[in-house]
Each structure stands twice: as structure tokens, then as C-alpha cells.
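So, here's a batch of structures to check.
In the two complexes that follow, subunit A is the common piece, with subunit B as its partner first and subunit C second.
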Partner chain A sequence: MVEYVWPSKEDSSVLGKSIDKIDGVPKCTGTAKYSYDINPDKVAIARALGCPHAHAKLKSLDLSKAEKVPGVVAVSAMKKVGDEIQWQGDLIAVVVGDTEGAVAEGLDAIVAEYEQLDVFVEDANLEAAEAAGRTAKAGGKVQLEKEPDGDDPDFEEKELARLFKESAAVVEGRYGIAAITHMCLEPHGSTCEWKDGKLTAHLSTQNVSGTAGQFAAPLKVTADDVTVHCDYIGGGFGSKFAVDRWDSLAAQLSKDLGRPVRLMLDRDLELKNGGARPSGYAESKVGADKDGVIKVWDTHFLSAGGFGGAPVNQSVIPYVIVPPNYRRRGTNVKINTAPVRAWRAPNHPQGCAMTQTAIDDIAAKLGLDSYDVFERNLVNVEDKDRRGVYAEEMKIAAKLIDWKAKWHPHGKGDKKGSVVSGLGMALHTWGGGGHPSTCMVKIHPDGGVETFIGSQDLGTGTRTVIAIVLAETFGLPVEAIKVNIGSSKYPASGPSGGSTTVGGVSESSRHAGLDALVQLNEKVASKLGVPAESLVAKGGRIHAKDDAEKGLSWKEACSLLGMSPLEVTSKGAPGRNSKLSSSGVGGVQMAEVEVDRETGQVKMKKFVTVQDMGLVVNHKTAVSQIYGAMVMGVAYALFEERLMDPRTGAFLNSEIADYRLPRLGDIGEFVVEIYEPESERARGVIGLGEPPVIGPGAAISNAVANALGVRVPVLPLTPKRVLDSLQLAARNA
Partner chain B sequence: MSKPDETGRGRSGVSRRAFLKGSGAAAAATAMTGAPGLEAEAQGAEPVAGLTTITLTVNGTPHKVEVEPRTTLLEALRMGLNLTGAKPISVDGASGGSLVLVDDKPTSANTVLAMDMVGKKIVTVESLISGDRVDAVPMAFVHHDASQCGFCTPGFIIAVKAFLAKNPKATEAEIRAGLNGNLCRCGTYANIIPAVLEVVKGGGNG
Partner chain C sequence: MKAFEYASPRTEREVLELLSADRGHTEILAGGTDLIGLMKKMIVKPDRVVSLNRVDSLKTIDANSTAVHVGAMVTLEDLADNPICEFYPAIRQAIGEMASQQLRAQGTVGGELCQRPRCWFFRDKRGLLAERGRAVEEGDNRFHAIFGNRGLAKFSAPSRLAPALIALDARVRILGPNPGDETLMPLEVFYRTPKSEREREHTLEPNQFVSQVILPHPEGRVSASYEVRHGMGPEYPLVAAAASVLVTGGIVREARIALGQVAPTPWISREAIDAIVGLPINYETAEAAGQAAVSVASPLSHNEYKVQLAKVAVKRALLKAAGLETGGLS
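On to the complex of A and B.
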């Protein structure tokens, strides 16, 4: 019976160490091929035309002039006359041609007429949304400690009123977070080619195993006739799980034309169609006792998921710190933007930004240290087992940022000219359990090891994780493992979303590796005349556990396989009973900022993340994931937002020059510590892509509030919003 | 910020389509000047139209490539020569994703026309590897895990090469101030800083 466990820390030679990514060189020398880079012979270029209006009916569409443009080989409508268009940039038609220039000319030759309809894009404006008939009730929940007396219909209101009256401090405010886009630097799209009635789609996807079937149905072929291939993907962040309608069209056009077709969205259409994260605005009233422990919470929130997309889920309000009494009610607003897509840690960043800001305002109101207030509120962390972990992580983070020395009451810090500084913090949580995954391991008689998994690498280092797990299992160096991922023809693995990949592929690789090793060990055992169970694979050898001399080199051992390689395919078994992986992580983030009261500019000074994630497979790439999440956090906290013109519904900043994102000089000093005591390591592998992107909004907003003594209630904290809040505060004072 | 126009193009004021379309014949005239490879044809002062074969010197080797007057250097490299390291990310070079060196100057390949590049020395990211030999800059990026998805990385590496050529002894503060023309969505900045510092220390920007 094989026991599926990890070696101890002391016994691990590569597991948990800092290992360079095995695909680092191709990525850093331009030789890695992304879907955008696949250049089959005679590939035609396809580009789409977007609708200029945010809400319109297509009155006429004339493609004939475009078809006559020299170099254009096909023009295809994506909307019919009479169709209603619900967002600016929805795709109307596609032009295919020999060169970018011919395609551009073709797109300009398309004549389309529209009847414009009423537009609504004001996702933050409840009154306007109601007036426009664009609202729908969102889910909600009421939880009160006290049982209703009899059947008083007003019990809920009365009880909430009583709880607020009893509170030592009450904060009322409106907290919000604007919509942002995914802004994958490689846009959505694919390069499609057919051979002998079979399609190969080089699709920019987070889901190689799940997309072949999606291609097949509309093309009237079966999934086995489709290969989805993606060695490298230029960003996904949750927006690239499915075959999009323009991908299906590229495959169809390629079939019709008898030549490969590449259809990638251009930047403008990428931002308008390729995915956005829903905004959220919460009107909250929060009551706490004199120590700042939250006792009661009442929120009405507003969220817009775009046309047909899912708004922020109510379950994240309040976030992590959930008092015994709360009420949440919500309204969804229907706006003329493309449907939102899952964005790294769906719902959580919004929940955190909308609610942990109010907790910090309680601290400000009571004149207490925010750290103490967060610490006292750990009693309100729903998962009791995690309270102690947060407490430990808070201590470490506070030390790393020197909280006690640097903290000052809100708005009472030293001034350097017009510049004030401040500290803020936030807590986050995520699941990160592994997805179903299958791994095939092939051990060749010459000692070569190959592995095949229908997974993908989003930049997190999937290949390297797989190589580390198998290298550890076989006692080989990481370079000895040839990792194959990125094809739907490999054993199926789940989509890379929700931080499920590292758990998934570690499980399946460890299972397959150990299963293969059992078979190999049997051969070695009979050769050496020792029991197979007494053998270990270590340091490039398979030998008896208590007598390293008694053994064979890996190569010699593999030669016992005879002529054909040993192939073993195994599934991982994530879940409650697994000793290899688990679910449920937390972390603490603390930010130090400087704010210029005259210009409204916020500068990152220092940003600390302390994160638990179970057992770390590759320390180096884990830290990089956290850094990356922190940059994305700084981005939505201080820089980026989707700007919509309320009158026309136009997307105003759909090019990179206009869509503000932090650059290298904007991030300040980053410090990361992975919290991995034996108690955490023993939980096994847990994903971490999402969690550290959750807290930055609240942590940075709280730091700005601490600096200014004034809450800037809506993210991103642009200079304008900072100055507006300061002005409002001055007027109210 | 100006109002959107009826074409639904982006707000940078540059429409990729208008740029490509409009840069037909007019741009051809620019292409003639200072383009030795085209001088003979240019004598007649007839603007070039349609496909022309030009010679581009890329990574030290002359390559013949068929281009239109409106073909950008990026398209010529990616489609004509299958050198796909430089990436199409923004319309106007705002991301730094398509950076190559043109006569040692970092240049967004999507903002210049291929014909204008005749006679110039073009260096792409692919030149930084030959066989097992990898240049110090990409190697430092690998050691410091300064690429995630990697889509921005080739452009960033060219930016670093050019930056270090001018600032071989750059300090951390200078690195933070001097590499802001490139965009990374995955957030590799915190790893890029020590990677560049390592190259400075090793003096290996060769």
C-alpha cells in the first residue's frame, strides 16, 4: 500500500526550496511561443470591428466594400441586422486578410448603421439606476443573536436600532471600489489551423483540458478532433476559461478558407470585451464597543456585473471579521458594459475594501490603534481555528513594518511640508484547494523521466512545481524531469482558477510518481534481493533505507525496465482525507504610505505581506506570486479604474496610455514572509495565487486614512479623490 | 480627455487602424529618405505601393523580408522573420512590449515602419541567447524570477539592456527612476529591481 504523503522538511532535497523556473530562459529570451506568436505557414490575420455605441440596434451592415479591399480574404458578420448591442465594443464583424494593413483597411470599409438606444453605465448611482429602471434586488442575509420576541414585524429594525444605541462608537459611511479590467497583456484570442479534418487551436487559455469540447460542438466535429494547445499564456487572471465567440469564429474561418487564421483582439476591444471585475459600493453602519470590537453591522450594497455578468456576491460583506449581528442587503445594477469575468479572488478584494475600511474608521473614531482594534476583532473571525494564525501573522507583519514605532493616531502624524504618512492593515482569506488532476509519468529505460498533465502555466510556475514534486519523489535533480503541459491531448487537469492548480498538479504528480516508483522498486528489490518496502529513492540512487551502499544508480535501476518505458497514470485525491493538500489560507497585509495633502498624490513607502499557504513547493515562485499580487493590489488601490462616459456609455480609457497602472517606480519597498511553521506545513499544499491580491485595497486605504485623518472612501485613491475628500472634510469641520 | 468618436477607437488619440491605413503612400515617401536599400527605386520619385522586398539587418544578419509601405517593424519581425519576442501590447508603445534596439536606441517596433529601418542595426531579444549561452540580463531575470506570464518580459529586457548601456553603475534609486516605460500586469517589478542590480554588480551587460 502506497502512503501518499510528503517527506519531512529535513528529508526534502528540492521540495520547499527556492528553485529557478524551468521555463525561465525561454520566457526571458523571447523564444517562448504564446498563442499570439504561433505563425503557421500562410497564416491569415483576423481583426474585429467593435460597435461604437453602448446600446444600439444594428440597422444595416454592408460588408461588400470591405470584401473588395486588396489583401482581404474574408469578411464575416458577428451580428445580424436587428440585433441589439449592449456595450460599446461588442463585436460586429471580423475581417481576415494577408497583412495587418489590409485588415485595417477592410475594417474601415465596413459600413454599419445603428439605431441608438438608452444607455446606462452609472454603476455607483443608485438613484439614477432606479430612475432608469436598471435595478434588481440582490441576495441578502440577516443574522441577530437575539431571538425575535413573539412575531413583532419590526423586530429586526428595533433590534438593530437597540444594538447601535448600545454601541460605544458608530461609524456610518459609504465605501466603494471601482470596476477594473483584467488587462491581460496578451489579449484574448487564438491561432487556429486544420489538418485532415482536425483542428488545432492555439488558444490563449487558462483551461486547456476544458476547452476542446467547447470548440467542437459549433464546428460539428467531436472533441477528439480538436487539440487545444497553449504552452504560454500572456495573462489570464480569471478571464480566459472559455472558448469565446471570436475563437469559434476563427476556427470556422480557418476551416472555410483552408488556411490558418489568427484572431486576437486588439487592445481597445480587449478592454471592452475581455473581462472586467465588478465594482462595489456599500452604505454601511457599524457599531462597536469601547474597545473597538464590532458588535453590529448593517450594509446596503450596490454592484454591477455588466450585461449578464454576476455582480459582487453578498457573502463577502462583512469580510473575515463578521460580528454576531449583521444585516446585508443589496441592489444589482444593470449597466451597458460587457459581462464581468472572474478576476483573481472573485468578490474578496471588493468585500475586503468595502468593509475592513469601516473597521479602521471605528479605530479612528475611538482614537485607538488600528492594530489593536483588528487584533481584538479576531474574536469575530468566523473560522475559530484561524484566529490564532492571524494573531501570529499580525505580530510578524507588525514587526516587519515597525508598526508600534511608526503608528500615530489618525491624522496626527508629523508633517514634512505638505506630506503626511500613515499605516494601514487588512486581513484576507481564501480556499485554494486542489482541483481534479491526472498525471502520466513515463520512466524510460535510459533513466529519462517525462510527465504529461493537461494543465497550463499562468506564470505561476506550474511546470516547475510539477518538476519539483517528481524530482523529490524520484530523488533526482529538477532538471532531470521533462514536464509536458499545455495540451488538451494530455491527461485532463482542471482549469487554472481560484488558486487550485498547485494543489491539483502536486497531488496528481505525487500520486503518479509514487505509483511508478513502487513498480520500479519491485524490479530493484528483486535484483538486490531486498524487500521493496525497504528502498528509498534519493540522491540519484535507489537504495536500502538503512544501507545506502546497497542500491543502484537511477540509471541502472531504470535499465531493469527492459525495452519499453514504464508508464503510470494516476489521479490526485484532494479533499478532506488527503495528506498531500488542503484548503483554506489567510494572511495579513500592512501598508505604509505618504500622502501629499496639496497634490493629493499617494506614494507607497513600504508594503508587507505575511501569508500562510500550507506546504510551500517552490519558495521562489511563491514569493513572486505574492509580490505580483501586491503590485496588482497597488494598481487597483491607487491607479486603475474603468472610466465610462455616463452620457454615451463610451469606455474612455481602453488603451494602455490612458488606463493607469503602476510602473516599476511606483511600488515602494515590498516585504514578504511566508508563514510556514510545522503546523501549517503539515496541512499540505494549498494554492496562493489569489489571497495576497485581496487585502491591498483596504490596507492602503486605511494607511491613507491614518495619514490624513480623513477617509477617502472610494478606490482607486486618485489625487482627485484624495483632494475631494480633504475638501469635503474641511467644509464639514 | 476628449470625447469618443464614432469609430469606437480608443482614447489615446491614436487609432491603430487609422495609423496603419493612413501610413500607406505618404509614409512611403519618408521611407525613401535615408533608406539606402531603396535608393534605386526612389530615383523615379514614384511612391512605393504594395509589396516590396527590403533587407533588414537583424541581430547582425541581413534578412530579406516582404513588406508594404504601411508594414510596421513589429509586423515585419513577427510575421516576416518569425521573431516573435517583441510583443504587440499597446497601439503606441505605451507598454514597452515591442521594444527592440534600433542603432542601439530602444524603439517600440510597432511605432516605426519597416521600410524606415533599412540600413539600420536592429537587435531583438532573441539575440540574447545562442545555444546554451544566455546573456547576463535574461539570466539575472531567471535567477530573480522576474518573469511571470512572461509576455512583458522581452520588452523589459531590451529596456534594461538599453538602460544599463547608459547607466552601467546604476543604483537602486536610479533603477526605480529609469525603467518606467514598461508595463507588467503580473507585477514582476519587485523581482526586476534586484535582477538589474545583480547585473550591475556583475558588470555583465555585455
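On to the complex of A and C.
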């Protein structure tokens, strides 16, 4: 009976060490082929035409002039006359041609007429949304410690009023976080090759194993006739799980034209169609005792999911710190934008930014150290087991940023001319349990090892993780494992979403590896005349546990397989009973900023993340993941937002030149510490991709509030928002 | 982009022969950092693109005792690296602020001055004066003009070099329409606020081009540029200012102060100039000059913050020119 466990830290030779990505060199030298790079012979280029209006009815569509442009081989409508268009940039038609130039001229030759309809994009404006009839009630919840006396219909209001009255400090404020786009460096799209009744789709996807069927149905074939292939993806962040309508069209066009068709969205249409993270705006009232421990919370929030998309889920308000009494109510605002898509840690960054800012305002109101207030509020962390972990992580983070020495009460720090500095923090949580995954391991008689999983590398370093797990299992160097991912023809694995990939592929790879080793060990055991259970695979050899001399080299051992390779396919068994993986992580982030009160510019000085993630498979890629999340966090905290023109609904900054993102000079110093005591390591592998992107908004906003003594209520904290807030505060003072 | 004819002349005369008198028929290609994007989005759709890349006479920097002549096709990087910029710190600083090495290496002096506005309504193909100004007036105008915006044009002049050059009293040499035609004009006169969609944001006829920038000898003047940027990236600054001052006996005798990103043209602030001339430059006088600069501001519905930024930019440009601490983030 094989016991599916990890070796101890001391016994591990590669597991948990810092290993370079095995595909790092191809990625940074440009030899890695991303979906956009696939360039088959005679490929036709397809581009889409976006609707110029945010809300309109298509009155007429004339493709005839486009069809006549030299070099254009096909023009296909994606909307029909009479259709209602709900956002600027929704796809109207596609032109296919021999060259980019011909396609561009073709697109320019399409004549479309529209009847413009009423537009609404003001996701932060409840009054205007109500006036425009653009609201819908969102879910909510009330939790009160006290039981109602009888059936007083006003109990809820009266009880909340009583709790606020008893509070030593009450903060009332508005806290918001603007919508952002995914801004995948590689836009959405595919190159589709139809040949002999079968489709090969080179799709930029986070879901290699789950998309073949989506291609098949509209083509009237079955999924076995489709191969989805994606070796490298240039960013997805939750927006590339499905075959989009433009991908299906590319496949159909390839079938119709009998040649490969590449249809990637251009940047403008990518930002307008490829996904966005919903905004959130909370009106909150928070009551705390004199120590800052929160006793009561009441929030009404707004969120907009775009046309047909899901707004922020109410469950994240309040976030991590959940007092015994709270009420959350919400309104969804219906705006003319494309439906939102999952964005790295869906709901959590918004929940954190909308609520942990209010906690910091409680500290400011009581004149307390924010650290102390967060620490005292750990009693309000729902999962009791995690309270101690947060406390430890806070201590480590505080030391790394030198919190005690640098702290000053809100707005009371030293000034260097117009420049003030501040500290802020936030806590986050995430699941990260492994997804179902199947791994096939093949051990060749000459000692070669290859492995096949229908997974993908969203940026986690999936290949390297698989190689490490099998290298550890077989006692081989990492480079001895040939990893194959990125094809729907490989054993199925889950989509990369929810930080589930590393847990998933670690489970299946360890299972398959150990299952294979059992079979190999039996052959070695009979050759050596020792019991198979006494054998270990270590240092390139299989030998008796207590007598390293008694053994065979890996190669010699594999030669016992005879003529055929040993193939073992195994599923992991993630879940409650697994000793290899589990779920539920947390972390602490602390930011130090400088703010120029005259210009509203915010500069990151130092940013610390302390993160638990169970057992670390690869220290280097784990730290890299956290760095990436922190950069993305700085981006939405200080720079990026989707800007919609309130009057016309136009997406104003849909080009890279106008969509602001931080550069290396903007991110300051990053410090990352992975919290991995034996108690955490014993929990097994847990995904990490999402958690560290959750807290930066609140942590940085709190640092800016600490510097200025004024809350800048809405992220990102642009110079405009900072100056507007300072001006408002001066006017109110 | 639309298919087009590509012309690559070798001489200034050939350039003029290739340019059409009809607006929109030909476009001039310098570094291409702006034009290519405009063509890809079909905001401009020329039938012929005339490249200046092989006209060697446009690539020189010549200095004599009274002036420096900078060819329009000198790259921004080459200009900033040239020793003559020791005398014109405002230029070196303005180019230094352009965070993208690619833009500096590929972009040219002439192209930088003639780039089209970043106004998002213009870039969304709704024209320079989008809906006769209504698109900006009633829409999101956070990056638009705070001065000179009472007409139909409300975009911000995008050039990052122009404020420095105007502060330094530069002139431009314009060739055409006919071979031998040559006009010299102060750079601030080169720019104009368009009154209709038929006009561009400068006075060039379609069959003219900028061949040279002429910088007068500084004669003891000190200068500086100051940009307020949102981050370290290649995005355009929110507001910029440049100042060139002649200080003798601790007193400002002459000053030229120009702002960028604040009006449909680079904006010379007479108010700031009047406020500083006759006084020494110190924190209080620079602050007062900044305040004077914005006394005539007319912010739109979403860009009041730019008034504050313009005030600070003028103040800090003056302090920097005088060699004093500007304050702000390091």
C-alpha cells in the first residue's frame, strides 16, 4: 500500500528549494511559442470590427464593399440587423484576408448604421443609476448577536442603532475601487486549423482540457475531433476559461475557407471585450469599542458587472475581520460595458479595499496605532484556527517594514517640504485547494522519464512544479523529467483558476510517480533480493534504505523494464483526506508610501508581504508569484482603471498608451517572506496565485491615509483623487 | 492601416515635390512613434507617406556664435546627448523625463513638435473638436485644457519639448510650399488653436514641413523644465512647465515661462512672467508666480486638479532654473 505523503523538509532534495523555471530560458529568449506566435503556412488573418456606440440597435450592415477589397477572402457578420448592442466595442463583423493591410481596409469598408439608445456607465453613481432605472437589488445578509424580542419589525434598525450608540468610535465613510481590465499582454484569440474533418485550435487559454467540446459543438463534430493546444499563454488572470464567440468563428472560418485562420483581438477590442474586474463602492458605518475592536458594521454597496456579468459578491463584506454584528445590503448597477470576468481572486480585492480601509479609519479616529487595531480585531477573524497565524505573520511583517519605529498617528508624521510618509496594512485570505488532475508518467527502459498532463502554465511555473515533484519522487535531478502540458489530448486536468493548479498537478504527479515507483521497485527488489518496501529512490539510484551500496543506478533499474516503457496514469485525490494538499491560506501586507501634498503623487517606498501557502514546492517561483501579485496590486491601487465617458459610454483609455500601469520605478522595494513553519508545511501544497493580490489596495490606501491624515476614498489613488480629497478636507475643516 | 504609397526622398526639395497641397492626402513620417499608431487606427489615412528618414540635411546640429540649428530629424536622444544642451538644461531635462528609451531613440525633434493631441475623443475618431467641443465639455475631461479652452478646441497640446523650446525663445524654420520658400517663426507662433475640423493644431500647410529648430545663444540665461507625472512610465505628464530666466545681481531681469499639457497650444504665461520679473527667485516669489499663472485658468468639470498642478509646475520650474530645491518626491 503506497502512502501518498511528502518527504520531510530534511529528506527533500529539490522539493521546496529555489529552482529556476525549466522553461525560463525559452520564455525570456523569445523561442517559446505563444498562441499569438503560431503562424502556419497560408494562415489567413482575421480582425473584428467593434461597434463605436455603447448602446445602439444595428439598423443596417453592408459588407459588400469590404468583400470587394483586394486581399480580403471572407467577411462574416457577428450581429444581425435589429440586434441591440450593449457596449462600445462589441463585435459587429469579422474580415479575413491575406494580409493585415487588406483586413484593415476591409474593416474600414464595412458600412454599419446604428440607432443610438440611452447610455449608462456611471457605476459609482447610485442616484443617477436609480434615475435611469439601472439598478437591481443585490444579495445581502444581517447577522446580529441578540435575538429579536418578539416580532418587532423594527428590531434590526433599533438593534443596529443601539450598537452604534454604544460604540466608543463610529466611522462613516465611502470606500470604492474602480473597475480595471485584465490587460493580458497576449490578447484573447486563437489560430484555428481545420484539416480532414478535424480541428487543431491554438487557443490562448487557461483551460486546455475543458475547451475542446466548446469548439466541437458549433462545428457539428465531437470533442475527439478537436485538439486544443496552448504551450504558453501571455496572461489570463481569470479571463480565458472559455472558447469565446470570436474563437468559434475563427474555427468555422477555417473550415469554410480550408486554410488556417488567426483571429486575435487588437488591443482596443481586447480591453473592451476581453474582461474586466467589477468595481465596488461601499457606504459603510462601523462601530468599535475604545480599543478599536469592531462590534458592529453596516454597509450598503454598489457594484456593476457589465452587461450580463456578475458584480462583486456580497459575501466579502466585511472581509476577514467580521464583527459579531453586521448588515450588508447592495445594489447592482446595470451599465453599458462588456460582462466582467473573473479577475485574480474574484471579489476579494474589492472586499478588502472597501472594508479594511474603514478599519484603518477606526484607528485614525481613536488615535490608535493601526497595527494594534488590526491585531485586536483578530478576535473577529471567522476561522479561529487562522487567528494565531495572522498574529505571527503580522509580527514578521512589522519587523520587516520596521513598523514600530516608523509609525506615526494619522496625518502627524514629519514633513519634508510638501512630502509626507505613511504606513498601512491589510489582511487577506483565500482557498487554493487543488483541482482534479490526471497525470501520466512514462518511464523508459533507458531511464528517460516523461510526463503528460492536460494542464497549462498561467504563470505559476506549472512545468517546473511537475518536474520538481517527480524529480523528488524518483530521486532524479529536475532536468531529467521531460514535462508535457498544453494539449487537450493529454490526461485531463482542471482549468487554472482559483489558485488550484499547483495543488492539482502536485497531487496527480506525486500519485502517478509513487505508483510508478512501486512497480519499478518490485523489479529492483527481485533483482537485488530485498523487499520492495525497503527501497528508496535517491541521488539517481534505487537502493536499500539502510544500505546505500545495495542498489542500482536509475538507468540500471529502468533497464529491468524490458522492451516497453512503464506507463502509469493516476489521479490525485485532493480534499479533506489528502496529506499532499489542502486549502485555506492567509497573509499580511504592509506598505510604506510617500505622498506629495502639493501634487497628489504617491510613491511606493517599501512593500512587505508575509504569506502562508502550506508546503512550498518551489521557493523561487512562489516568491515570483508574490512579486507579480504585488506589482498588480500597486497597479490597481495607484494607476490603472477603466475610464468610461459618462455621456457617451465610450471606453476612453482602451489603448496601452492611455491605460496607466506602474513601471519598475513606481513599485519601490518589495520584501517577501513565506511563512512555512512545520505546522503550515504539514498541511501540504496550497495554491498561491491569488492571495497576495488581495491586500495591496487596502494596505496602500491605508498608508496614504496615514501619511495625509485624510482618506482618499476611491482606488486607484491618482494625483487627481488625492488632490480632490485634500481640497475637500480643507473645505470641510 | 490603409495601403499607401511610400516615398523616401533624399533632399528637402524632393520632399516638397512629394507633398500634396490637399490636407490628408500626404503625411510626413519622421520617427513614426505617433504617425504609425494614428494610421493603424485609421485616424489619418494618407495615400502617400513621405519619409524624412533619408534626408541627411535634416539630421545635423550646427552651432555658431549666435545660435544653434537643430535639424528636425535629429533624434531626441541625440539632442539630449549633444554637448550644446549644457547651455539649455530645460531641453535635456524635458527629454530626460520621456521615460521610454524607445521613444527617445526613435522620436525626432520635428516629430515631437508636430505630434497629434492625445485627446481621447480625437483618438476615438471623433475629431479634434469632437462635437464642436461638447464631447469634452460634457464628457470626461480630466486630462484636457485648463487655459485657452473657451473656444471649440479643448484638447491639451501634447509636446513635451515645446514648453522648453518656447521658454528658450526658439524659432522654427519651415520649408515650402514651393522649393526655395522658407519661413522663420517663433515656435509659439507656429502653434494655433484650431477653429474648425479643417484646421490642424499648427500653422503648417499640408505641403510644408519643419526643417529646423533654431535656438538663440542663452547669453547667461538659466533654464529648467518640470513635469508632474503620474508614475515613471512613458505616459504623458499631467502638467509641465519650463522657465528660462536672465538673473543679474540676484534679480530676474527677463523671463520666459511656458506650460505644456494645459491648453490647445503650449501656453506662455504672461502672468507668471510679470510676477517674477524684477524679483529674486525664492520659494515665495516662485510660489507667487505659480499662483499668478493660474489666475487666468478656466478648468473644465473634471480637471480642477490641473490648476493646482500648473501652479506647482511653474513654481518648481523657476526654483529648478535658479538651482534651488524644488521639493516634491525624490
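Before moving on, here are some points about what is shown:
One rule holds in what follows: the second predicted complex is superposed on the first by the 733 of 733 C-alpha atoms of A that agree within 3 Å, B and C clash if a C-alpha of one lies under 4 Å from a C-alpha of the other, contacts with A are read in each partner's own complex, and residues count from 1 in each chain.
Following the convention adopted for this analysis, contacts are C-beta pairs under 8 Å (C-beta built on N, C-alpha and C of every residue); 3 or more make two chains touch, one makes a residue touch a chain.
In this text, all values refer to a predicted model and were calculated from it rather than measured experimentally.
By the touch criterion defined above, A:Cys28 reaches subunit B but does not reach subunit C. In the overlay built on the shared chain, the residue A:Leu185 is in contact with subunit B alone; subunit C does not reach it. In the superposition on chain A, A:Asp645 makes contact with both subunit B and subunit C. Shared-chain residue A:Arg660: touches subunit C; no touch with subunit B.
When the shared chain is aligned, no partner comes close enough to touch A:Leu378: not subunit B, not subunit C.
Within the superposed three-chain model, A:Val568 lies out of touch with both subunit B and subunit C [touch as defined at top].
More residues of subunit A are touched by B (comparison of subunit B with subunit C).
Shared-chain residue A:Asp108: touches subunit B and subunit C both. On subunit A, the surface touched by subunit B in one complex and the surface touched by subunit C in the other have residues 52, 101, 104-105, 108, 268, 645, 648, 650, 652-653, 655, 657-658, 661-666 in common.
Those residues of subunit B whose C-beta lies close enough to touch subunit A in the complex are 1, 3-12, 14, 16-18, 20-21, 24, 68, 70-72, 75, 78-79, 82-92, 94-95, 97, 124-126, 128-129, 134-135, 138-139, 141-143, 145-154, 157, 175-177, 179-193.
By the touch rule above, subunit C contacts subunit A in their complex via residues 1-3, 37, 40-42, 45, 99, 118, 120-121, 123-125, 135, 138-140, 142, 228-235, 238, 302-305, 308-309, 312, 325, 327-329.
Looking at the complex, you find that subunit A touches subunit B at residues 20-21, 24-34, 36-37, 39, 43, 45, 50-53, 88-89, 99-101, 104-105, 107-108, 183-186, 232-237, 264, 266-268, 458-461, 620-621, 623-625, 627-632, 635, 645, 648, 650-658, 661-667, 670.
Of all the residues in subunit A, the ones that touch subunit C in their complex are 52, 101, 104-105, 108, 268, 417-419, 594, 596, 598-601, 603, 638-639, 643-648, 650, 652-653, 655, 657-658, 660-666, 718-720, 723-724, 727.
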